[in-house]
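My questions all concern the structure below.
Residue numbering begins at 1 within each chain, and the chains themselves are lettered A, B, C, D and E in the order written.
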Amino acid sequence: MLLGQVVGTVVSTKKTESLIGLKLLLVQNLDITGKLAKGYHVAADSVQAGLGDVVIYSTGSAARQTDITTERPVDAVVMGIVDTWDVNGKTAFNKSEPLEVADV
Amino acid sequence: MLLGQVVGTVVSTKKTESLIGLKLLLVQNLDITGKLAKGYHVAADSVQAGLGDVVIYSTGSAARQTDITTERPVDAVVMGIVDTWDVNGKTAFNKSEPLEVADV
Amino acid sequence: MLLGQVVGTVVSTKKTESLIGLKLLLVQNLDITGKLAKGYHVAADSVQAGLGDVVIYSTGSAARQTDITTERPVDAVVMGIVDTWDVNGKTAFNKSEPLEVADV
Amino acid sequence: MLLGQVVGTVVSTKKTESLIGLKLLLVQNLDITGKLAKGYHVAADSVQAGLGDVVIYSTGSAARQTDITTERPVDAVVMGIVDTWDVNGKTAFNKSEPLEVADV
Amino acid sequence: MLLGQVVGTVVSTKKTESLIGLKLLLVQNLDITGKLAKGYHVAADSVQAGLGDVVIYSTGSAARQTDITTERPVDAVVMGIVDTWDVNGKTAFNKSEPLEVADV
(Lines give C-alpha, C1' and ligand atoms only; values in the text may rest on other atoms or scores of the structure.)
Protein backbone atom coordinates (compact mmCIF):
# COMPACT_ATOMS: atom_id res chain seq x y z
CA MET A 1 0.00 0.00 0.00
CA LEU A 2 1.02 3.59 -0.42
CA LEU A 3 0.23 6.79 1.41
CA GLY A 4 -1.57 9.50 -0.48
CA GLN A 5 -3.75 12.54 -0.18
CA VAL A 6 -7.17 12.90 -1.76
CA VAL A 7 -6.85 16.00 -3.95
CA GLY A 8 -9.95 15.72 -6.08
CA THR A 9 -12.51 13.57 -7.85
CA VAL A 10 -12.93 12.34 -11.39
CA VAL A 11 -16.31 12.31 -13.16
CA SER A 12 -17.03 10.01 -16.07
CA THR A 13 -20.53 9.41 -17.39
CA LYS A 14 -19.66 7.35 -20.45
CA LYS A 15 -18.01 4.35 -18.87
CA THR A 16 -17.97 0.58 -18.76
CA GLU A 17 -21.01 -0.77 -16.93
CA SER A 18 -19.08 -2.35 -14.10
CA LEU A 19 -17.75 1.04 -13.00
CA ILE A 20 -21.20 2.49 -12.31
CA GLY A 21 -21.73 3.57 -8.72
CA LEU A 22 -18.07 3.87 -7.76
CA LYS A 23 -16.68 7.17 -6.57
CA LEU A 24 -13.34 7.86 -8.21
CA LEU A 25 -10.83 9.77 -6.12
CA LEU A 26 -7.73 11.50 -7.39
CA VAL A 27 -4.99 10.50 -4.95
CA GLN A 28 -1.61 12.20 -4.99
CA ASN A 29 1.27 10.17 -3.54
CA LEU A 30 2.98 11.17 -0.30
CA ASP A 31 6.46 10.23 0.82
CA ILE A 32 7.09 8.88 4.31
CA THR A 33 7.67 12.37 5.68
CA GLY A 34 4.21 13.45 4.55
CA LYS A 35 5.37 15.56 1.61
CA LEU A 36 3.76 15.34 -1.80
CA ALA A 37 5.62 12.89 -4.00
CA LYS A 38 5.56 12.05 -7.68
CA GLY A 39 2.75 9.97 -9.03
CA TYR A 40 -0.97 9.67 -8.50
CA HIS A 41 -3.73 7.15 -8.92
CA VAL A 42 -7.40 7.43 -9.66
CA ALA A 43 -8.70 5.11 -6.95
CA ALA A 44 -12.12 3.76 -6.07
CA ASP A 45 -13.31 4.95 -2.67
CA SER A 46 -14.23 2.29 -0.11
CA VAL A 47 -14.19 4.49 2.99
CA GLN A 48 -15.95 7.74 2.05
CA ALA A 49 -12.75 9.71 2.06
CA GLY A 50 -12.99 13.44 1.46
CA LEU A 51 -10.89 16.21 -0.03
CA GLY A 52 -7.60 16.58 1.84
CA ASP A 53 -7.80 13.28 3.66
CA VAL A 54 -4.57 11.37 4.00
CA VAL A 55 -5.24 7.77 3.03
CA ILE A 56 -3.72 4.37 2.37
CA TYR A 57 -4.50 2.77 -0.94
CA SER A 58 -3.77 -0.52 -2.65
CA THR A 59 -3.04 -1.15 -6.29
CA GLY A 60 -3.23 -4.18 -8.54
CA SER A 61 -5.48 -7.16 -7.95
CA ALA A 62 -5.67 -6.26 -4.24
CA ALA A 63 -7.89 -3.37 -5.28
CA ARG A 64 -10.68 -5.84 -6.06
CA GLN A 65 -10.67 -7.29 -2.54
CA THR A 66 -13.16 -4.89 -0.97
CA ASP A 67 -16.94 -5.27 -0.90
CA ILE A 68 -17.50 -2.45 -3.32
CA THR A 69 -14.81 -3.36 -5.85
CA THR A 70 -15.24 -7.14 -6.28
CA GLU A 71 -15.05 -8.13 -9.95
CA ARG A 72 -14.81 -4.53 -11.05
CA PRO A 73 -12.09 -3.30 -13.41
CA VAL A 74 -10.36 -1.15 -10.83
CA ASP A 75 -6.63 -1.29 -10.13
CA ALA A 76 -6.56 1.07 -7.15
CA VAL A 77 -8.71 1.46 -4.06
CA VAL A 78 -8.61 3.76 -1.05
CA MET A 79 -8.92 1.45 1.95
CA GLY A 80 -8.33 3.58 4.99
CA ILE A 81 -8.14 7.11 6.26
CA VAL A 82 -4.88 7.55 8.13
CA ASP A 83 -4.94 8.81 11.71
CA THR A 84 -1.20 8.87 12.30
CA TRP A 85 2.04 7.36 11.22
CA ASP A 86 5.42 7.53 12.83
CA VAL A 87 8.96 7.23 11.57
CA ASN A 88 11.65 6.12 13.99
CA GLY A 89 9.31 6.72 16.91
CA LYS A 90 8.43 10.29 15.96
CA THR A 91 5.08 11.29 14.58
CA ALA A 92 5.39 12.00 10.87
CA PHE A 93 1.71 12.70 10.32
CA ASN A 94 -1.22 13.27 12.62
CA LYS A 95 -4.73 13.78 11.33
CA SER A 96 -5.26 16.49 13.92
CA GLU A 97 -2.89 18.62 11.87
CA PRO A 98 -4.24 17.98 8.38
CA LEU A 99 -2.15 18.57 5.29
CA GLU A 100 -3.30 21.44 3.13
CA VAL A 101 -4.25 20.49 -0.39
CA ALA A 102 -1.71 21.99 -2.76
CA ASP A 103 -2.91 23.89 -5.80
CA VAL A 104 -1.60 22.49 -9.02
CA MET B 1 -6.41 3.92 -12.74
CA LEU B 2 -4.60 6.62 -14.59
CA LEU B 3 -5.69 9.56 -16.70
CA GLY B 4 -4.67 9.57 -20.34
CA GLN B 5 -5.48 10.94 -23.74
CA VAL B 6 -6.25 8.80 -26.75
CA VAL B 7 -3.65 9.84 -29.31
CA GLY B 8 -3.97 7.07 -31.89
CA THR B 9 -4.72 3.47 -32.70
CA VAL B 10 -2.59 0.41 -33.27
CA VAL B 11 -3.30 -2.09 -36.07
CA SER B 12 -2.10 -5.68 -35.91
CA THR B 13 -3.37 -8.37 -38.27
CA LYS B 14 -1.00 -11.18 -37.25
CA LYS B 15 -1.95 -11.64 -33.63
CA THR B 16 -2.93 -14.18 -31.04
CA GLU B 17 -6.49 -15.39 -31.58
CA SER B 18 -7.84 -14.04 -28.32
CA LEU B 19 -7.05 -10.48 -29.39
CA ILE B 20 -9.31 -10.57 -32.46
CA GLY B 21 -12.08 -8.00 -32.40
CA LEU B 22 -10.52 -5.66 -29.85
CA LYS B 23 -9.79 -2.06 -30.77
CA LEU B 24 -6.34 -1.07 -29.51
CA LEU B 25 -5.94 2.55 -28.47
CA LEU B 26 -2.69 4.37 -27.97
CA VAL B 27 -3.12 6.25 -24.69
CA GLN B 28 -0.63 8.88 -23.58
CA ASN B 29 -0.48 9.53 -19.84
CA LEU B 30 -1.67 12.81 -18.35
CA ASP B 31 -0.64 14.32 -15.04
CA ILE B 32 -3.22 15.64 -12.61
CA THR B 33 -3.04 19.10 -14.13
CA GLY B 34 -4.02 17.70 -17.53
CA LYS B 35 -0.58 18.02 -19.10
CA LEU B 36 0.97 15.20 -21.11
CA ALA B 37 3.18 13.04 -18.92
CA LYS B 38 5.72 10.32 -19.55
CA GLY B 39 4.55 6.89 -20.46
CA TYR B 40 1.81 5.38 -22.57
CA HIS B 41 -0.15 2.18 -22.86
CA VAL B 42 -1.75 0.37 -25.71
CA ALA B 43 -5.16 -0.28 -24.17
CA ALA B 44 -8.24 -2.18 -25.27
CA ASP B 45 -11.24 0.08 -25.79
CA SER B 46 -14.38 -0.73 -23.80
CA VAL B 47 -16.17 2.61 -24.28
CA GLN B 48 -15.73 3.56 -27.93
CA ALA B 49 -13.32 6.34 -27.12
CA GLY B 50 -12.09 8.49 -30.00
CA LEU B 51 -9.01 10.48 -30.93
CA GLY B 52 -8.35 13.22 -28.40
CA ASP B 53 -10.67 11.89 -25.73
CA VAL B 54 -9.44 12.14 -22.17
CA VAL B 55 -9.99 8.79 -20.49
CA ILE B 56 -9.41 6.70 -17.40
CA TYR B 57 -7.75 3.36 -17.90
CA SER B 58 -6.82 0.40 -15.73
CA THR B 59 -3.76 -1.80 -15.97
CA GLY B 60 -2.92 -5.28 -14.78
CA SER B 61 -5.46 -8.00 -14.09
CA ALA B 62 -8.15 -5.33 -13.64
CA ALA B 63 -8.01 -4.88 -17.40
CA ARG B 64 -9.71 -8.25 -17.85
CA GLN B 65 -12.73 -7.25 -15.75
CA THR B 66 -14.84 -5.75 -18.52
CA ASP B 67 -17.28 -7.63 -20.78
CA ILE B 68 -15.09 -7.26 -23.82
CA THR B 69 -11.78 -8.19 -22.20
CA THR B 70 -12.63 -11.26 -20.09
CA GLU B 71 -9.97 -13.96 -20.45
CA ARG B 72 -8.10 -11.99 -23.06
CA PRO B 73 -4.37 -11.28 -22.82
CA VAL B 74 -4.76 -7.55 -22.29
CA ASP B 75 -3.07 -5.65 -19.50
CA ALA B 76 -4.70 -2.26 -20.08
CA VAL B 77 -8.27 -1.16 -20.82
CA VAL B 78 -9.91 2.20 -21.33
CA MET B 79 -12.93 2.18 -19.05
CA GLY B 80 -14.36 5.65 -19.13
CA ILE B 81 -14.35 8.93 -20.98
CA VAL B 82 -13.68 11.70 -18.49
CA ASP B 83 -16.12 14.59 -18.24
CA THR B 84 -14.28 16.59 -15.62
CA TRP B 85 -11.88 16.34 -12.77
CA ASP B 86 -11.01 18.82 -10.13
CA VAL B 87 -7.98 19.42 -7.94
CA ASN B 88 -8.48 21.21 -4.63
CA GLY B 89 -11.96 22.27 -5.68
CA LYS B 90 -10.90 23.83 -8.97
CA THR B 91 -11.63 22.29 -12.34
CA ALA B 92 -8.44 20.82 -13.78
CA PHE B 93 -10.09 19.40 -16.88
CA ASN B 94 -13.48 19.84 -18.50
CA LYS B 95 -14.50 17.93 -21.58
CA SER B 96 -16.14 21.08 -22.94
CA GLU B 97 -12.62 22.40 -23.44
CA PRO B 98 -10.94 19.38 -25.03
CA LEU B 99 -7.19 18.94 -24.99
CA GLU B 100 -5.55 19.21 -28.38
CA VAL B 101 -3.67 16.14 -29.49
CA ALA B 102 0.02 16.92 -29.57
CA ASP B 103 2.04 15.98 -32.61
CA VAL B 104 4.95 13.74 -31.84
CA MET C 1 0.31 -3.40 -23.67
CA LEU C 2 3.49 -1.79 -24.87
CA LEU C 3 5.14 -1.42 -28.23
CA GLY C 4 8.52 -3.06 -28.73
CA GLN C 5 10.95 -4.41 -31.26
CA VAL C 6 12.24 -7.96 -31.28
CA VAL C 7 16.01 -7.57 -31.06
CA GLY C 8 17.08 -11.10 -30.22
CA THR C 9 16.36 -14.41 -28.54
CA VAL C 10 17.33 -15.95 -25.23
CA VAL C 11 18.41 -19.58 -24.91
CA SER C 12 18.16 -21.48 -21.63
CA THR C 13 18.51 -25.24 -21.42
CA LYS C 14 18.48 -25.59 -17.62
CA LYS C 15 15.05 -24.26 -16.80
CA THR C 16 11.87 -24.98 -14.92
CA GLU C 17 9.82 -27.67 -16.66
CA SER C 18 6.87 -25.46 -17.46
CA LEU C 19 9.02 -23.24 -19.65
CA ILE C 20 9.96 -26.03 -22.05
CA GLY C 21 8.90 -25.40 -25.63
CA LEU C 22 8.45 -21.65 -25.36
CA LYS C 23 10.48 -19.35 -27.58
CA LEU C 24 11.86 -16.45 -25.56
CA LEU C 25 12.20 -13.16 -27.38
CA LEU C 26 14.24 -10.19 -26.30
CA VAL C 27 11.96 -7.19 -26.81
CA GLN C 28 13.26 -3.65 -26.58
CA ASN C 29 10.66 -0.98 -25.74
CA LEU C 30 9.63 1.64 -28.28
CA ASP C 31 8.10 5.02 -27.55
CA ILE C 32 5.02 6.21 -29.39
CA THR C 33 7.13 7.83 -32.10
CA GLY C 34 8.78 4.48 -32.88
CA LYS C 35 12.13 5.30 -31.28
CA LEU C 36 13.92 2.86 -28.99
CA ALA C 37 13.05 3.57 -25.38
CA LYS C 38 14.40 2.42 -22.03
CA GLY C 39 13.54 -0.99 -20.80
CA TYR C 40 13.11 -4.44 -22.27
CA HIS C 41 11.37 -7.70 -21.52
CA VAL C 42 12.12 -11.29 -22.26
CA ALA C 43 8.72 -12.34 -23.62
CA ALA C 44 7.22 -15.62 -24.74
CA ASP C 45 6.35 -15.64 -28.43
CA SER C 46 2.75 -16.43 -29.36
CA VAL C 47 2.84 -15.15 -32.95
CA GLN C 48 6.11 -16.38 -34.46
CA ALA C 49 7.64 -12.94 -34.46
CA GLY C 50 11.09 -12.55 -35.98
CA LEU C 51 14.14 -10.37 -35.57
CA GLY C 52 13.30 -6.72 -36.19
CA ASP C 53 9.54 -7.13 -35.98
CA VAL C 54 7.65 -4.40 -34.21
CA VAL C 55 5.23 -6.01 -31.79
CA ILE C 56 2.72 -5.43 -29.02
CA TYR C 57 3.28 -7.32 -25.82
CA SER C 58 1.49 -7.75 -22.52
CA THR C 59 2.97 -8.10 -19.07
CA GLY C 60 1.72 -9.47 -15.78
CA SER C 61 -1.00 -12.06 -15.44
CA ALA C 62 -2.31 -11.13 -18.89
CA ALA C 63 0.73 -12.90 -20.28
CA ARG C 64 -0.79 -16.23 -19.28
CA GLN C 65 -3.96 -15.66 -21.32
CA THR C 66 -2.76 -17.11 -24.60
CA ASP C 67 -3.01 -20.75 -25.69
CA ILE C 68 0.72 -21.30 -25.43
CA THR C 69 1.28 -19.58 -22.08
CA THR C 70 -1.59 -20.90 -19.92
CA GLU C 71 -0.37 -21.81 -16.43
CA ARG C 72 3.22 -21.11 -17.34
CA PRO C 73 5.48 -18.88 -15.25
CA VAL C 74 5.76 -16.14 -17.85
CA ASP C 75 5.12 -12.48 -17.10
CA ALA C 76 5.41 -11.17 -20.68
CA VAL C 77 4.08 -12.37 -24.03
CA VAL C 78 4.30 -11.04 -27.56
CA MET C 79 0.73 -11.06 -28.84
CA GLY C 80 0.77 -9.32 -32.17
CA ILE C 81 2.99 -8.07 -34.95
CA VAL C 82 2.19 -4.43 -35.58
CA ASP C 83 1.23 -3.34 -39.09
CA THR C 84 0.83 0.36 -38.38
CA TRP C 85 0.05 2.84 -35.71
CA ASP C 86 -0.81 6.48 -35.97
CA VAL C 87 -0.47 9.45 -33.66
CA ASN C 88 -2.85 12.37 -34.15
CA GLY C 89 -3.91 10.99 -37.50
CA LYS C 90 -0.40 10.68 -38.92
CA THR C 91 1.35 7.36 -39.42
CA ALA C 92 4.00 6.89 -36.76
CA PHE C 93 5.01 3.41 -37.88
CA ASN C 94 4.29 1.33 -40.95
CA LYS C 95 5.55 -2.22 -41.33
CA SER C 96 6.37 -1.51 -44.96
CA GLU C 97 9.20 0.67 -43.66
CA PRO C 98 10.68 -1.63 -41.00
CA LEU C 99 12.82 -0.29 -38.19
CA GLU C 100 16.44 -1.32 -38.34
CA VAL C 101 17.68 -3.28 -35.37
CA ALA C 102 20.16 -1.18 -33.45
CA ASP C 103 23.45 -2.69 -32.44
CA VAL C 104 24.07 -2.57 -28.75
CA MET D 1 10.68 -9.73 -3.05
CA LEU D 2 12.58 -6.69 -1.92
CA LEU D 3 14.71 -5.89 1.09
CA GLY D 4 13.52 -3.16 3.39
CA GLN D 5 13.73 -1.76 6.87
CA VAL D 6 10.77 -1.28 9.17
CA VAL D 7 10.84 2.42 10.00
CA GLY D 8 7.41 2.90 11.52
CA THR D 9 3.75 1.96 11.67
CA VAL D 10 0.58 3.40 10.17
CA VAL D 11 -2.62 3.73 12.14
CA SER D 12 -6.01 3.91 10.46
CA THR D 13 -9.27 3.53 12.36
CA LYS D 14 -11.68 4.37 9.54
CA LYS D 15 -10.92 1.60 7.07
CA THR D 16 -12.46 -1.07 4.94
CA GLU D 17 -13.66 -4.01 7.06
CA SER D 18 -11.28 -6.55 5.58
CA LEU D 19 -8.28 -4.59 6.86
CA ILE D 20 -9.28 -4.88 10.52
CA GLY D 21 -6.72 -6.67 12.66
CA LEU D 22 -3.76 -6.22 10.37
CA LYS D 23 -0.68 -4.36 11.58
CA LEU D 24 0.54 -1.98 8.94
CA LEU D 25 4.27 -1.43 8.78
CA LEU D 26 6.06 1.39 7.02
CA VAL D 27 8.91 -0.28 5.15
CA GLN D 28 11.67 1.74 3.53
CA ASN D 29 13.50 0.06 0.65
CA LEU D 30 17.13 -1.02 0.95
CA ASP D 31 19.58 -1.58 -1.87
CA ILE D 32 21.70 -4.72 -2.00
CA THR D 33 24.48 -3.07 -0.03
CA GLY D 34 22.09 -2.39 2.85
CA LYS D 35 21.75 1.35 2.25
CA LEU D 36 18.40 3.10 2.27
CA ALA D 37 17.00 3.33 -1.24
CA LYS D 38 14.13 5.20 -2.84
CA GLY D 39 10.65 3.98 -2.32
CA TYR D 40 8.61 2.51 0.50
CA HIS D 41 5.56 0.36 1.02
CA VAL D 42 2.97 0.15 3.73
CA ALA D 43 2.98 -3.61 4.24
CA ALA D 44 0.93 -5.99 6.34
CA ASP D 45 3.00 -7.73 9.00
CA SER D 46 2.99 -11.54 8.99
CA VAL D 47 6.04 -12.08 11.20
CA GLN D 48 5.75 -9.62 14.08
CA ALA D 49 8.55 -7.46 12.79
CA GLY D 50 9.62 -4.50 14.90
CA LEU D 51 11.11 -1.04 14.42
CA GLY D 52 14.50 -1.25 12.74
CA ASP D 53 14.17 -4.85 11.58
CA VAL D 54 15.51 -5.62 8.15
CA VAL D 55 12.91 -7.64 6.30
CA ILE D 56 11.91 -9.19 3.00
CA TYR D 57 8.54 -8.27 1.63
CA SER D 58 6.41 -9.25 -1.34
CA THR D 59 4.15 -7.04 -3.40
CA GLY D 60 1.23 -7.68 -5.70
CA SER D 61 -1.03 -10.72 -5.51
CA ALA D 62 1.72 -12.62 -3.69
CA ALA D 63 0.92 -10.46 -0.68
CA ARG D 64 -2.36 -12.34 -0.22
CA GLN D 65 -0.63 -15.72 0.06
CA THR D 66 -0.05 -15.71 3.80
CA ASP D 67 -2.44 -16.96 6.45
CA ILE D 68 -3.17 -13.48 7.74
CA THR D 69 -3.64 -11.76 4.39
CA THR D 70 -5.83 -14.20 2.41
CA GLU D 71 -8.58 -12.37 0.55
CA ARG D 72 -7.62 -9.07 2.08
CA PRO D 73 -7.02 -5.95 -0.02
CA VAL D 74 -3.30 -5.77 0.70
CA ASP D 75 -0.66 -5.43 -1.98
CA ALA D 76 2.41 -5.76 0.25
CA VAL D 77 3.33 -8.11 3.09
CA VAL D 78 6.40 -8.50 5.27
CA MET D 79 7.21 -12.21 5.15
CA GLY D 80 10.52 -12.63 6.87
CA ILE D 81 13.03 -10.99 9.15
CA VAL D 82 16.43 -11.14 7.51
CA ASP D 83 19.34 -12.70 9.40
CA THR D 84 22.02 -12.14 6.79
CA TRP D 85 22.61 -11.69 3.13
CA ASP D 86 25.79 -11.82 1.18
CA VAL D 87 26.96 -10.31 -2.08
CA ASN D 88 29.73 -12.07 -3.97
CA GLY D 89 30.51 -14.20 -0.94
CA LYS D 90 30.91 -11.28 1.46
CA THR D 91 28.39 -10.46 4.14
CA ALA D 92 26.42 -7.38 3.13
CA PHE D 93 24.11 -7.42 6.14
CA ASN D 94 24.14 -9.29 9.43
CA LYS D 95 21.36 -8.92 11.97
CA SER D 96 23.95 -8.91 14.73
CA GLU D 97 24.93 -5.45 13.49
CA PRO D 98 21.50 -3.87 13.07
CA LEU D 99 20.96 -0.86 10.83
CA GLU D 100 20.07 2.32 12.64
CA VAL D 101 16.73 3.81 11.71
CA ALA D 102 17.33 7.07 9.89
CA ASP D 103 15.40 10.13 10.93
CA VAL D 104 13.46 11.65 8.11
CA MET E 1 10.88 -11.84 -17.69
CA LEU E 2 14.10 -10.03 -17.04
CA LEU E 3 17.75 -10.99 -17.24
CA GLY E 4 19.76 -10.93 -14.05
CA GLN E 5 22.82 -12.26 -12.32
CA VAL E 6 22.76 -14.20 -9.07
CA VAL E 7 24.97 -12.15 -6.74
CA GLY E 8 24.11 -13.68 -3.39
CA THR E 9 21.60 -15.33 -1.10
CA VAL E 10 19.30 -14.09 1.63
CA VAL E 11 18.81 -15.96 4.89
CA SER E 12 15.73 -15.53 7.02
CA THR E 13 14.84 -17.86 9.87
CA LYS E 14 11.88 -15.96 11.29
CA LYS E 15 9.50 -16.05 8.37
CA THR E 16 5.98 -16.86 7.32
CA GLU E 17 5.39 -20.62 7.22
CA SER E 18 4.74 -20.80 3.49
CA LEU E 19 8.26 -19.58 2.75
CA ILE E 20 9.97 -22.49 4.50
CA GLY E 21 12.19 -24.56 2.24
CA LEU E 22 12.64 -21.98 -0.49
CA LYS E 23 16.11 -20.77 -1.38
CA LEU E 24 16.12 -17.01 -1.79
CA LEU E 25 18.52 -15.61 -4.35
CA LEU E 26 19.64 -12.03 -4.66
CA VAL E 27 19.38 -11.23 -8.37
CA GLN E 28 20.86 -8.06 -9.81
CA ASN E 29 19.30 -6.85 -13.08
CA LEU E 30 21.25 -6.93 -16.34
CA ASP E 31 20.60 -4.81 -19.40
CA ILE E 32 20.43 -6.38 -22.86
CA THR E 33 24.15 -5.89 -23.39
CA GLY E 34 24.92 -7.95 -20.28
CA LYS E 35 25.93 -5.01 -18.07
CA LEU E 36 24.68 -4.63 -14.53
CA ALA E 37 21.59 -2.44 -14.46
CA LYS E 38 19.60 -0.75 -11.72
CA GLY E 39 17.31 -2.80 -9.59
CA TYR E 40 17.32 -6.21 -8.02
CA HIS E 41 14.89 -8.80 -6.76
CA VAL E 42 15.04 -11.41 -4.05
CA ALA E 43 13.75 -14.40 -6.04
CA ALA E 44 12.89 -17.97 -5.18
CA ASP E 45 15.15 -20.47 -6.91
CA SER E 46 13.49 -23.13 -9.07
CA VAL E 47 16.57 -24.24 -11.01
CA GLN E 48 19.39 -24.55 -8.48
CA ALA E 49 21.15 -21.48 -9.77
CA GLY E 50 24.51 -20.58 -8.22
CA LEU E 51 26.57 -17.50 -7.53
CA GLY E 52 27.43 -15.67 -10.74
CA ASP E 53 24.88 -17.48 -12.91
CA VAL E 54 23.06 -15.38 -15.45
CA VAL E 55 19.37 -16.17 -15.22
CA ILE E 56 15.90 -15.27 -16.40
CA TYR E 57 13.35 -14.53 -13.75
CA SER E 58 9.66 -13.71 -13.63
CA THR E 59 7.87 -11.34 -11.31
CA GLY E 60 4.28 -10.95 -10.17
CA SER E 61 1.72 -13.75 -10.14
CA ALA E 62 3.78 -15.63 -12.74
CA ALA E 63 6.24 -16.35 -9.94
CA ARG E 64 3.75 -18.76 -8.40
CA GLN E 65 3.51 -20.90 -11.55
CA THR E 66 6.36 -23.26 -10.79
CA ASP E 67 6.16 -26.52 -8.85
CA ILE E 68 8.08 -25.14 -5.91
CA THR E 69 6.30 -21.78 -5.64
CA THR E 70 2.62 -22.70 -5.99
CA GLU E 71 0.50 -20.82 -3.45
CA ARG E 72 3.53 -19.31 -1.81
CA PRO E 73 3.85 -15.57 -1.15
CA VAL E 74 6.65 -15.03 -3.64
CA ASP E 75 6.61 -12.35 -6.30
CA ALA E 76 9.80 -13.34 -8.12
CA VAL E 77 11.24 -16.66 -9.25
CA VAL E 78 14.38 -17.66 -11.11
CA MET E 79 13.19 -19.97 -13.88
CA GLY E 80 16.16 -20.63 -16.08
CA ILE E 81 19.91 -20.39 -16.32
CA VAL E 82 20.80 -18.57 -19.51
CA ASP E 83 23.16 -20.23 -22.01
CA THR E 84 23.27 -17.42 -24.53
CA TRP E 85 21.38 -14.50 -25.88
CA ASP E 86 21.95 -12.49 -28.99
CA VAL E 87 21.13 -8.95 -30.04
CA ASN E 88 20.78 -8.22 -33.75
CA GLY E 89 22.35 -11.56 -34.59
CA LYS E 90 25.46 -11.04 -32.46
CA THR E 91 26.08 -12.90 -29.24
CA ALA E 92 25.57 -10.56 -26.30
CA PHE E 93 26.16 -13.18 -23.65
CA ASN E 94 27.56 -16.70 -23.69
CA LYS E 95 27.73 -18.84 -20.57
CA SER E 96 31.16 -20.07 -21.65
CA GLU E 97 32.42 -16.59 -20.80
CA PRO E 98 30.73 -16.03 -17.45
CA LEU E 99 30.22 -12.55 -16.02
CA GLU E 100 32.28 -11.79 -12.96
CA VAL E 101 30.29 -10.92 -9.89
CA ALA E 102 30.85 -7.27 -9.04
CA ASP E 103 31.70 -6.32 -5.51
CA VAL E 104 29.31 -3.81 -4.04
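Observations, loosely collected:
The rule we apply is simple: a contact is a pair of C-beta atoms (placed from the backbone, for glycine too) under 8 Å apart; a residue touches a chain by one contact, two chains touch by 3 or more.
Here the structure is a predicted model, which is why all the values come from computation and not from measurement.
Each step here moves to a touching chain, and the least such steps from subunit A to subunit D number 1.
Rounded to whole angstrom units, the spacing between the C-alpha centres of subunit D and subunit E is 21. Each chain gets a centre from the mean of its Cα atoms; for subunit C and subunit D, those two points are 34 Å apart. Chain contacts: subunit A has residues 59-61, 63-64 touching two or more partner chains.
With subunit A taken as the origin and subunit D fixing the direction of travel, the chains line up round the ring as A, D, E, C, B. Those residues of subunit C lying in contact with subunit E across their complex are 7-19, 24, 26, 28, 40-43, 51, 59-61, 63-64, 71-76, 101-104. Subunit B meets subunit A in the complex at residues 1-3, 31-33, 46-47, 56, 58-67, 69, 77, 79-90, 92.
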